[in-house]
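My structure is below; once you've seen it, I'll send some questions.
Labels for the chains are A, B, C and D, by order of writing; each one numbers its residues from 1.
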Amino acid sequence: MIRLIVAALSALLCSLSVAPAQTAQPSAGPVPAAALEDLVLANRILADRGVLDAYGHISIRHPADPNRYLMARAIAPGLVTLDDIMELDLDSNPVARRGRSLFVERFIHGEIYKARPDVMAVIHTHSTGVIPFSVTQKELKPIFHNASFLHVGVPVWESRDGFGATKMLVNDGKLGASLAAALGNKPVALMRGHGDVVVGPNVRVATLRAVYTDENARMLATALSIGGPVNTVSPAEGALRDKDPSDPTRTWELWKANVLKKEH
Amino acid sequence: MIRLIVAALSALLCSLSVAPAQTAQPSAGPVPAAALEDLVLANRILADRGVLDAYGHISIRHPADPNRYLMARAIAPGLVTLDDIMELDLDSNPVARRGRSLFVERFIHGEIYKARPDVMAVIHTHSTGVIPFSVTQKELKPIFHNASFLHVGVPVWESRDGFGATKMLVNDGKLGASLAAALGNKPVALMRGHGDVVVGPNVRVATLRAVYTDENARMLATALSIGGPVNTVSPAEGALRDKDPSDPTRTWELWKANVLKKEH
Amino acid sequence: MIRLIVAALSALLCSLSVAPAQTAQPSAGPVPAAALEDLVLANRILADRGVLDAYGHISIRHPADPNRYLMARAIAPGLVTLDDIMELDLDSNPVARRGRSLFVERFIHGEIYKARPDVMAVIHTHSTGVIPFSVTQKELKPIFHNASFLHVGVPVWESRDGFGATKMLVNDGKLGASLAAALGNKPVALMRGHGDVVVGPNVRVATLRAVYTDENARMLATALSIGGPVNTVSPAEGALRDKDPSDPTRTWELWKANVLKKEH
Amino acid sequence: MIRLIVAALSALLCSLSVAPAQTAQPSAGPVPAAALEDLVLANRILADRGVLDAYGHISIRHPADPNRYLMARAIAPGLVTLDDIMELDLDSNPVARRGRSLFVERFIHGEIYKARPDVMAVIHTHSTGVIPFSVTQKELKPIFHNASFLHVGVPVWESRDGFGATKMLVNDGKLGASLAAALGNKPVALMRGHGDVVVGPNVRVATLRAVYTDENARMLATALSIGGPVNTVSPAEGALRDKDPSDPTRTWELWKANVLKKEH
């Protein structure tokens, strides 16, 4: 598949023009190829690492317009290529639908971008490490320094609180806005019986956070099964680390190389 | 191995005629190649994902005759090719044995097709996530929305209740009928100390159900080891989701691509 | 590596003559190539499945002489080829050492062959699923029908009982004889803080037993962590299944294909 | 990537001269190619086995000068090649920086080499098996004979004891010296909420220790979740085994072959 990426990138050289709009929405214009390549790779990386299954999704805010975001058409993350990327407005309407299926839960992304001007990337996962913490009363606290960003707390969004019984999908703007409100100013929120949403200042940091949130959750479950009190990362430690976080280049280069090696 | 599939499909073009019957049973006629390809792929997909081990099996009801079903000869699911598929009647007699070995537990399939006219595909697994729930008193309840179909309950079939000590194999029609009765109108039943049986309206949905039943069981075991009450998917949520279930195309395309990539 | 096997097999055609003895022991004569190929494959299969790590080993009794057995020189099982196989007597002396290193724990094999005329294959593993049961007081009971052979009980050999503090290695005949006595007439015995020993009427059955003993142990640990009583396979069920056990051809063909696919 | 290793080794033939120093530090001179190759392979092996993630690191003491050590520039261990290896003094200053980024936690290595003249290799991991034992009150004791070296005790270094809230990184000599003091004369110390540090008389033994420390921790967590008292390797057994430890050649040859097979 990497040949598809390379071929597409060669053709595009340094920018992608979204096809002429077939709706009222004008496009916010071309997106740098490097940003799109990162978005595609984030999909492949999180699929490769088992953090995303067939149904998760990733978006980035449009670099040139805070009122647009970019996300694949409805397709498994492990299969996403450049050609699948679409532009949407913050009400999660596509600029140019071109007959494609959209993720029914795209409202997660649009509503978070509305509520959080600092957020440039959003990831929604069904990560199997975190789901047990979404249905029990034990809080998902950081025990590993690479997940210290969780020190601010990890809210659990319960759709039943505001909406009663639903299909358990964030399939409209109201549900998305409720989830965004639960997330508040945090990097991660759990969705009860569903997964989590992870945000960041760029897609590489959001990817790193999705990976380490899952890994921290697995190790915390083991620590709890061992028994006794668990010594968590303190808020003071977390705050110091927030000022000088782990370098996402280190993880990105490794995880990218692992994906490319398998696809070669 | 995929070359075998491709070669076989090319030769058949769009249908497969089962070889002339060597028994009294007449064949129900050719099966569309797409249906057979899905059956073969379901075997490979579930083997690839570790849901089927060397001894599980998958069948589909004959598209043209509700009194016939199609299943591989006795061979590990990870090795099944088109040429291994056989036609059986609902008493699990082969239309044309051609000297081949049959699964001794094929009666699971025949008896469920008799009892459940809505069922078009049956999967029997030794899935390691579910077996612990077949031997403990904790119910396998859904905690993950993609497994919400479990909200109707997951019966545990205990062969000792009706049959005393056995070889723990469903190797005749009486045992198969007992299992089918335990399954009732549900999508999944556990078999104590053995595995589970998963049914669906087609093989793609049944495959998805087998995967998410196993995944839900693993996450529930983790939630239980964390301790405290577990917040399950409610019957009301499950019922709403049943009307608009997860799209099996998304999982199928991904899981198929993963299998083909490894076999290339 | 499979090319090494094929090349070696082509050269040998149908038998292997062990090189002229450099010690007093005469060779028991050539071994059928198929038996040697199974021994080599069993090493690769159990390494591939994670049942053997760098230090385990597998032997078969010499088909032509009950007082000889065949085992690789001291090398990780995942790297064993035909050329590594050596012939030893039941005191675990090599017929022809040829300057090679031997497993220091080969006495496990020799002493079991002395004590158990029915046994034709012996496997010693450090299988990570079973070791927790060698150091706790919970018995390793069968909960899965493919491991029903454990119904006769799984002794735990404690080297400290007869020998006090040791290096925890079965590095002489006395320790080997003690282990063989603990095994008695059973198919599997655990070695405290070390692993297990698994025997069978041939190497394919012993391989299957080693795999399902490990898998059963992992599922039992999960069942115990879920809590409450655990419903085990009954002695009556186990005895019935012993008379008609799972077909090792099914597992062997799959596991062999998996190994060959990776080595190609 | 193995081609990179081979090409580099061919060019170097049997030694590597570190480039002319751009700082006041003189180089301790060339390092045998075999030593460097082992260092590179240890990085790949521990990445392949999941013991090192993107952020761990490995060093060896300079064979010709006890006041120098060799370690990769700041890069994920799974991507390390010969060209990344740098020479540092025991205050962790590079002999020739050449514009490269250094691991911020290199002081772990320098301070341990100062405190432990017997140590020739140091590994720092975020090994997910051990981290739960760094945040609970259950001691990481050996239950598996291949991890018997843990019988002397596994200290847990708590940075908060001496330094209060920090970024949880060993990013200066004082923190490194504190960790080295906690390690004392032991082979392994845990770092609370972070990982561990593993030392040895050479990089192959240190690699083996890092692997079996992680594996022992995972099995101990399972044993604890099963419940009841756990039967550990006794100090007397551990002391006997220390005199005749497991042969690291066996593991090294296997793990190296596994890495090369995947990189081919």
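By definition in this document, a residue touches a chain if its C-beta (ideal position, glycine included) is under 8 Å from a C-beta of that chain, and two chains touch if they have at least 3 such contacts.
Values in this document were obtained by computation on a predicted structure and should not be read as measured data.
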How many links in the shortest chain of touching chains run from chain B to chain D? 2
Between copies chain A and chain B, are the contact residues mostly the same numbers or mostly different, with half as the line? different
I'd like the Å distance between the centres of chain A and chain D, where a centre is the mean of that chain's Cα atoms. 33
Mind pulling the residue numbers of chain D that touch at least two other chains? 225
Specify the contact topology among the chains shown, as one of line, ring, star, complete or other. ring
Can you check the complex and tell me which residues of chain B touch chain C? 54-55, 74-76, 78-79, 126, 128, 131-138, 160, 164-169, 192-194, 221, 224-225, 262
Partner chain A, residues of chain B touching it in the complex: 142-146, 148, 215, 218-220, 222-223, 225-234, 236-237, 239-241, 243-244, 246-247, 250-251, 253-255, 257-258, 261
